[in-house]
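Below are two complexes that have chain A in common, paired first with chain B and then with chain C.
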Partner chain A sequence: MGLGKFLVKRTLQGLFVIWGVVTVVFLLRHLTPGNPVNTLLPPEASQEQRELFAERLGLNDPVHIQYYDYLVGVAQGDFGVSMATGRPASELILIRLPATIELAVAATVVAVVIAIPLGVISARRRHEPSDYGATIFSLVGISTPNFWLGVMLIIFVAVQFGPLPTGGRGPSFVDAMIATLTQGQFRDGGIVEWGRYILLPAITLGTYFTALLTRLTRSGMVDEIGKAYVKATRAKGLPETLVLYKHVLRNTLIPIITVLGLQLGTLIGGAVITEEVFAWPGLGRFLIHSIYQRDWVLIQGTIIVIGVGFVIVNIVVDALYVYLNPKVDLE
Partner chain B sequence: MISDRIRRSVRSELHSSRLAQVGLALVVVIVLMATLAPFIVPHHPEAQQVGTGDTEDRTNLPPIGFSTEHIQTTPDGQTEIVREGSLEHPMGTNTRGQDVFSRFVYGARVSLLVGLLGAGIATVLGVPYGLAAGYFGGRTDDALMRGADVMLAFPSLVLAIALVGVFRDSGFHTTGLPDPFVYAARHDILGWVIPRSDHVASMPSSVTFPVTVTLVVALVNWVWFARVARGEAISIRQQEYVKAAKSIGASHLTILRQHVLPNSLTPIIVLATIQVAAIILLESALSYLGFSGTTLTWGQDIARGQSDQRSQWWIATMPGLGIVFAVIGVNLIGDWLRDALDPSIEGEGGV
Partner chain C sequence: MSDEELLRIEGLCTRFFTENGQVNAVENLDLTIDEGEVMGIVGESGSGKSVTALSLIDLVESPGRITDGRIWFRAPDIADELIESGADDEVTDGDFVDLRKLSEEQRRSLRGSRFSTIFQDPMSSFNPSITVGEQIAEAVEVQRRARANPRSLDAKAQRYGLGDYVLSTVLPSKKYVTGASRDRAVELLELVGIPDPVERADEYPHEYSGGMLQRAMIAQALAGEPEVLVADEPTTALDVTIQAQILDLLSKLQAETGMTILLITHNLGVIARMCDRVGVMYAGEIVERGTLEDVFDHPVHPYTRGLLGSVPDLEGAGGRLQPIPGNVPSLLDHEMPDRCYFADRCPKAMDECLEHPPAFDVEGSEYHTTKCYLATTEYTEEKALPDGYFDEAGRAADVGEEPSETETGIGTGTDSETETETEADSVQSDGGEPR
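And then the complex of A and B:
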């Protein structure tokens, strides 16, 4: 099976999962006790107003009709209208998507940049102090709840040192890049300001992954260094750095990518709560506040968008996996 | 069901691994702390001491070994007030004058209960499901596991939040689990056994146990048990002894109960241990967000510490340390069991 065919197959599977997600989300709302009309209208609303409102929300239709309407809507990118504000849910949700993607990517970059060298060093100097240091760091990192880490960074870093804000988001990455490149503006609205805001949330979200990656890189490298081909590359006189980073690391990446793919849910879930800690205006914070307000249209829409994102990233990870290891059996 | 060989290898792993010893020690200390909370804590965990009239203001006291200074403006001018931490409040007090250490100790109860019960319920739901899927295979497997895969399309925290949203409108269901020590102390049962009985009697008579949250974390995590159990069942069903049992006419239920389940226990036990840690983290995240219904949990106290006043660093720091130590301890025990029970899992790269 070629890569193209494999992607088509994975996409079809992905669509099936997304259909499942939409169905579960639809059911969740219908399992929720209480009539949405009562939650949304003031208690003094008349019976007539209540009926009109229920009619408008489509609540009087039989469940299967509601389900069908909802599926068709979602397929067309229409998640319905926010119960609280009356604005289209898809619009409200999509505005917040870039902030979340930015945060997740920044956290991944932080994790990769720190973890891979740390894991390599740790594997090279097995049972030396630097190795124990890295091992303890990864154990603590995996066991620390990231929202607490965020609160600690706010209290001990942001409050003490002025330049790092305790929450909120600066300019978007794209805007910041444009301002920096076209106007030479670094601080106000530029890339430095962007970095000031994203640094602590990215560390908060990235620490778990840094710890996990360090651990995986170390054990993978230790396994790999003992193999014969490493001896051969060393024997032909290749510099050690090149041996490690070009040959050994590449073969270590395969299990790393597998585990990272499995852990994507943790990254997305972690983003939800990190956003809440730092008042980062992304999807996660939006979801939490929709729950506080019981705005089911927004809750459903946000969860579907998160589910779709999850499925897409999983497919990308699979493709990367195939690229790194051509031996992988695509069946 | 536990053979001597397994027992021996668990014991020898404990002897040789320093980390396993640390993990066991941490968990024993935390379990003892949670169980014996009424004897340990110096104050009632909910008692507030806000200075009103003739009672002394005991809010925001720093932990022992630390001091705070702030400037108070009075009609006579400004005076600098220095407050030092004392043994009476070893971890300081929060903005309501509650003792942080007492809340730290009591918070362990909720985390451990939810962690253990949540993992237990998830095991009971997931294992039979996965065993059936793997054992019967074919269509049954497809039907059962496709449904389970949809659950995995949700990040666990997002699914948990969504489920909380469902249950929220009927109210967070909590139940008070009576504290046997406090009951005994109040009713003068075994008075000669229980030390400090007046002190114990003044402690909360029950622990608020978050039923809704426990169900939610179990519903979120059962799929992992189903997947692991399924994998085991698939390999076990091809074993000779299963075929032999079938040939003498044993029913599916008997085979599942007497052959498949006992032989797949090892990875399930390891998974259950790791899941206790994962569920403690998930519960703390939910209670941080205020989706718990209890007021005495580590997560909730971190949220308060963040929102109350940021200069009182100890309010949010201490409960977080509780979570970190509990999770490290449980994770280390998980590593220990994995290394001891499953030699096929590669440890430190062989040799």
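And then the complex of A and C:
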């Protein structure tokens, strides 16, 4: 099966999943106690005003009509209008999406860049001090709660050393790249400034992930290094770097990619705590605030966007499997 | 076949340090191999044949280690270079170099170019997720780079670091394997008789049959035009008709290139068909060696006779095969007695055999030697050890220990599996005083 056909098939399956997400999200509102009208209007609003308000939100229609309207709206990219601010939900969500994606990707990059070499070294020098060091690091990393780590980084790094801010977000990655590439601007509005803001949140979010990946890489490599082809590859005289990275690591990547995909999906929606600690204006923080405000339209929209993110990441992961393991067919 | 020595192994000891104790997989092994000959090593599983091969190409893995001995390899160019850089007699001997005295990098640079290896199971000896063509091209590339850099051994052991590899994933020009090497890989596949080599080069190992893949492995081994080809059970994993094809291919290639082959097998038929000389291994040492004629027609060591007796003979069909009773002994150091290791299974064990025999020259070619007292002493009934002597002797020696039932020594790989209790364990389990 060709890649194009595979993508079409998986996209159709993905649409089905997203339809499920939309349905559940829609039903949740109707299963939860509390009337949005009472939440949003001040207590002294008159009965007339309440009815008018419900009418405007479409709350008086039968449920199946409301469901149909909502589905049609979502299909057109219209998640409704924020109850609190009156602005379109899709607009509010989309402006926060880049921040979240940036943070999730940065955390993943931090994790991959640290974890994979660490895991390889650890597997290669089994039962030597560097291996024990890596093992201790991953144990500590896995058991450190990231709200604590974030606060500690703020206190001991950001506050002590000037260059790294305690929170907030600099320019967006795209803007920073443009500024750097077109105007040669690194600091103000450039890539360095972008990096200053994202570094600590990315470390905070990526630490658990780094630790997990280190362990996965190590155990995968240890299994793989014992295989006969490794000896055969060494017998050819191939440089050890290539033996380890091109041959052994490549075959270890299959389970790593699986976890990577699942985690990246989680990071899109689950960076809530890190975003809160660092006042990072992303989707997670937005979701929390929408929940505080009982802004159902925004909550629904955010969850659907996160769901779409999950689906896309999973399609990409499946396509990567085929690249990594020639025995897997695109089916 | 010239008579010049190419390899001279002296007193090679390879040991594995396992939880159960030290395993002497190869013990004090002497072997010489002449240029252009096919040298065979034959023995049962666990006799140390494969470990000998791995020791030669320096691929013995932890917990194993070569602990002693010298591996002299004739390489005038390397010897000159080493002498220029101030190496002494310990490292070089005329045109010969002691491979064990070279640095890790230097030894690696010899792999592929001077020594190539064919492994037992082709299916597991190729990386399943890289195309066969690419893997052969890698072997070609290793040699191409070594030749492009002829100045010194150290330069030949090319450095290709992590940085280069990371760059190569982005920049095609940084890739290790070049187009020329890929083309050469296709030629090699054609040379070993793989049809449609251009298409086959882009296939993965699982798309090949076992015989095809073994051909591909031979192609890979030929990539560096090696002087010595170590073939470790090259046909064991294949079915009989394919075995014959692979052996024919090896013979043909050997005749064409004049390379030296060290052929390791447990199959005497393979030895008879391929080899000029043969060494019979038992319990980590060569117990008899000689030309094919010496060993097959005038065997002295009862173990050699036993091996020959366990081969089916179609002409004299009807008679029962004569298996050698017992198993390969434990190679655990503390269980290896200071006597002939074969005595407990030997039908002609006698008083002399309680002492470990040296190598005796015996009649036949000048190369024919055996580690057996039968070479010098006539076997008579009076001298024979009584039946069951070693069972009792074994028990007498192991006071306080359960009867030894060790049957496994070293497998064909490097992992050793031993199922014996160490003495310390049994003392404790007997309720000895806590220390």
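Here is the rule we use: the second predicted complex is superposed on the first by the 315 of 331 C-alpha atoms of A that agree within 3 Å, B and C clash if a C-alpha of one lies under 4 Å from a C-alpha of the other, contacts with A are read in each partner's own complex, and residues count from 1 in each chain.
We adopt the following convention: contacts are C-beta pairs under 8 Å (C-beta built on N, C-alpha and C of every residue); 3 or more make two chains touch, one makes a residue touch a chain.
Note that the structure is a prediction, hence the values are computed from the model and not measured.
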### Query
Putting chain B and chain C on the same copy of chain A, do they fit or clash?
fit
### Query
Is A:Thr258 touching the first partner chain B, the second partner chain C, both, or neither of them?
neither
### For chain A as apex, the angle formed with chain B and chain C - C-alpha centres, to the nearest 10 degrees
90
### Message
Applying the document's definition of touch, where does A:Ser143 land relative to chain B and chain C: first, second, both, or neither?
### Response
first
### Message
Tell me the contact category for A:Arg294 with respect to chain B and chain C: first, second, both or neither.
### Response
first
### Query
Looking at the overlay, does A:Phe310 come into contact with chain B only (first), chain C only (second), both, or neither?
first
### Query
Should A:Val25 be classified as contacting the first partner (chain B), the second (chain C), both, or neither?
first
### Query
What is the contact status of A:Gln185 with respect to chain B (first) and chain C (second): first, second, both, or neither?
neither
### chain A: partner with more touched residues, chain B or chain C
B
### Query
Is A:Gln66 in contact with chain B, with chain C, with both, or with neither (first, second, both, neither)?
neither
### Message
Looking at chain B versus chain C in the superposed three-chain picture, what is their shortest Cα distance in Å?
### Response
7
### Message
If we count contacts the way the header does, which residues on chain A are in touch with chain B in the complex?
### Response
16-18, 20-21, 23-25, 28-29, 31-34, 39, 139-140, 142-145, 147-148, 151-152, 154-156, 159, 166, 219, 222-223, 225-226, 264-270, 272-273, 276-277, 287-288, 291, 294, 296, 299, 303, 306-307, 310-311
### Query
Can you list the chain C residues touching chain A in their complex?
57, 59, 61, 108-113, 115-117, 119, 121, 124-131, 135, 138-139, 142-143, 146, 158-162, 164-165, 176, 204, 206, 217, 220, 223-224, 413
### Query
Which residues, counting only chain A, touch chain C once they are in their complex?
117, 227-229, 231-242, 245-247, 250-251, 324-327
## Note on the structure
The residues of chain B that touch chain A in their complex are 19, 146-147, 149-150, 152-158, 161-166, 168-170, 277, 281, 284-285, 288-289, 291, 299, 302, 305-306, 310-311, 313, 316-317, 319-320, 323-324, 327-328, 331-332, 346, 348-351
